[in-house]
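We call the chains A, B, C and D, going by the order they appear; numbering starts again at 1 in every chain.
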Amino acid sequence: MHTLIVIDQPPYGSWGGRESLDMAFSLAAFDQPVSLLFIDAGVLWLKQGQEPDGIYQKSVERNLAAASIFGVEALLAEATACHRFGLTDNNLINGVTRIENTGTTLQQYQHVVFSG
Amino acid sequence: MTMVIRNNEGFLEDASAWTTEVAREIASEDAIDLSENHWEIIMFLRGFYKEHEISPPSNRLFVKAVKEAFGEAKGNSIYLMQLFPGTPAKTACRIAGLPRPTNCL
Amino acid sequence: MHTLHIVSKPPGNTRFRECLGMMGEQDALLLTGNAVTALADSTITLPAMVYALQEDVRARAIDPRQDISGQVTFDDMVSLTIRAQRVISW
Amino acid sequence: MPADIHTFTLVITGAPYSSQAPETALGFARAVLRAGHTIDRVFLYGEGVHLASSLASPPSDETNWTRAWGDFLQEHSVPAVACIASALRRGLVNESEQKRYQLPASNLAAPFEIAGLGEWVESTIKSSVQSSRVIYFHGGA
């Protein structure tokens, strides 16, 4: 059963997205198929060049780059949200698939989860 | 003996205090004599941490990360268990001077 | 019913809008907690199959709209989660 | 076991007093058992771990959600687990974590326990069976 974990909160302002990532990593640890879907302001997780030193946090951009190593199958992003927040081929991190119809994507997963 | 501050489980309090000498000392407490094979994994883990700002959060993910980097022969729990007895991810992080894993899984 | 979408956030929360936007035609919506305030908000267009948790509606003295499918008890909520092929909490 | 008996795992991610998640979940949990179904586990994640704090002391004429949940869990022998990573960050520890991290006190209310996300993964795997459900109770802000 493939799990889709949805992140709709921008990075750094709350811990919710990181806890979504922990959920994805633990499913992957047990070889359970899992993908991440970024919607709304959550797509800002996927922007290159994050420098969170000044707010004393670790870079979610760097954390996220470990996802494929751990076995997270796909990083999906809502295309309209990417457009809205100015994410293009030039500033999107590697390995992200933009999807046009998130509703259709959502239908394909038996287990759709928000971390909070 | 180099004086570095460690927590009650032997992890460095200050990651920048890590040297290869410190690594040897920590390893010797677990009766591990660091070989080339150990150093390969230790330096890999340190590189992984630098790149991703996290250690693999569980043993299983530690094995996966090593497998991704070095292939099946080294990316398996038996090999890593032999090098780093106990809980390999924890033992290896301790020797590599990385933070104590959160026991997340 | 294909999917039961359980929403606990008020209509002003982006999560509420996302849920409505992604619902399929065979899906049902269950409003709980602050989400029941959507019933009192005349600017919100709700889908065909809407349920609201009775306790939360009563607590907030909300007059149910004519177009709503029904108020449900916790017992009904359990049945809904079983009838649905899957459940998504927003 | 009859075919129409379902097993539920409840995941609570909203904290008491800052959300209604623990109360909605408790109402749901009671209804699950009333209908003859079972609850294999309650999992507290993120802000939800605050429900397991033994130090919450609301005025006597308000519901103490930690106690209400504790009584329910004990009466029906339902195990409840707070995610260790969420709990440690938010200052919620049992005696063994108190010792490990050399903290001045522990504050995990009985009968809650602390464990890893592996417990949630296990419930997730089980829920691929038709008669099993994982239901999430999020905050409502």
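FYI, a contact is a pair of C-beta atoms (placed from the backbone, for glycine too) under 8 Å apart; a residue touches a chain by one contact, two chains touch by 3 or more.
Keep in mind that what you see is a predicted model, and the values were worked out from it rather than measured.
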item: Reaching subunit C from subunit B through chains that touch each other, fewest steps; value: 2
item: Winner on C-beta contact pairs when B-D is weighed against A-D; value: A-D
item: Interchain centroid distance [CA atoms averaged], subunit B/subunit D, Å; value: 33
item: Distance from subunit D to subunit A - Cα centre to Cα centre, in angstrom; value: 26
item: Intercentroid distance (Cα basis), subunit C paired with subunit A, Å; value: 26
item: Per-residue overlap in subunit A, given as positions that touch at least 2 other chains; value: 22, 26, 29-30, 110-111, 114
item: Multi-partner residues of subunit C (at least 2 other chains); value: 89-90
item: Residue list for subunit D, restricted to those that touch at least two other chains; value: 14, 85, 116-118, 121, 136, 138-139
item: Chain-to-chain touches, reported pairwise for every pair that qualifies; value: A-B, A-C, A-D, B-D, C-D
item: Subunit D-touching residues of subunit C, taken from the complex the two chains share; value: 6, 8-10, 13, 32-35, 53, 55-56, 73-75, 77-79, 81-82, 87, 89-90
item: Subunit D residues within the subunit C interface of the complex; value: 6, 8, 14, 19-21, 24, 27-28, 30-32, 34-35, 37, 133, 135-141
item: Residues of subunit D defined as touching subunit B within the complex; value: 84-85, 88, 100, 102, 116-118, 121
item: In the complex, subunit A residues that touch subunit C; value: 8, 39-41, 102-103, 106-107, 110-112, 114
item: Contacting residues of subunit C [partner subunit A, same complex]; value: 3, 14-15, 18, 21-24, 86, 88-90
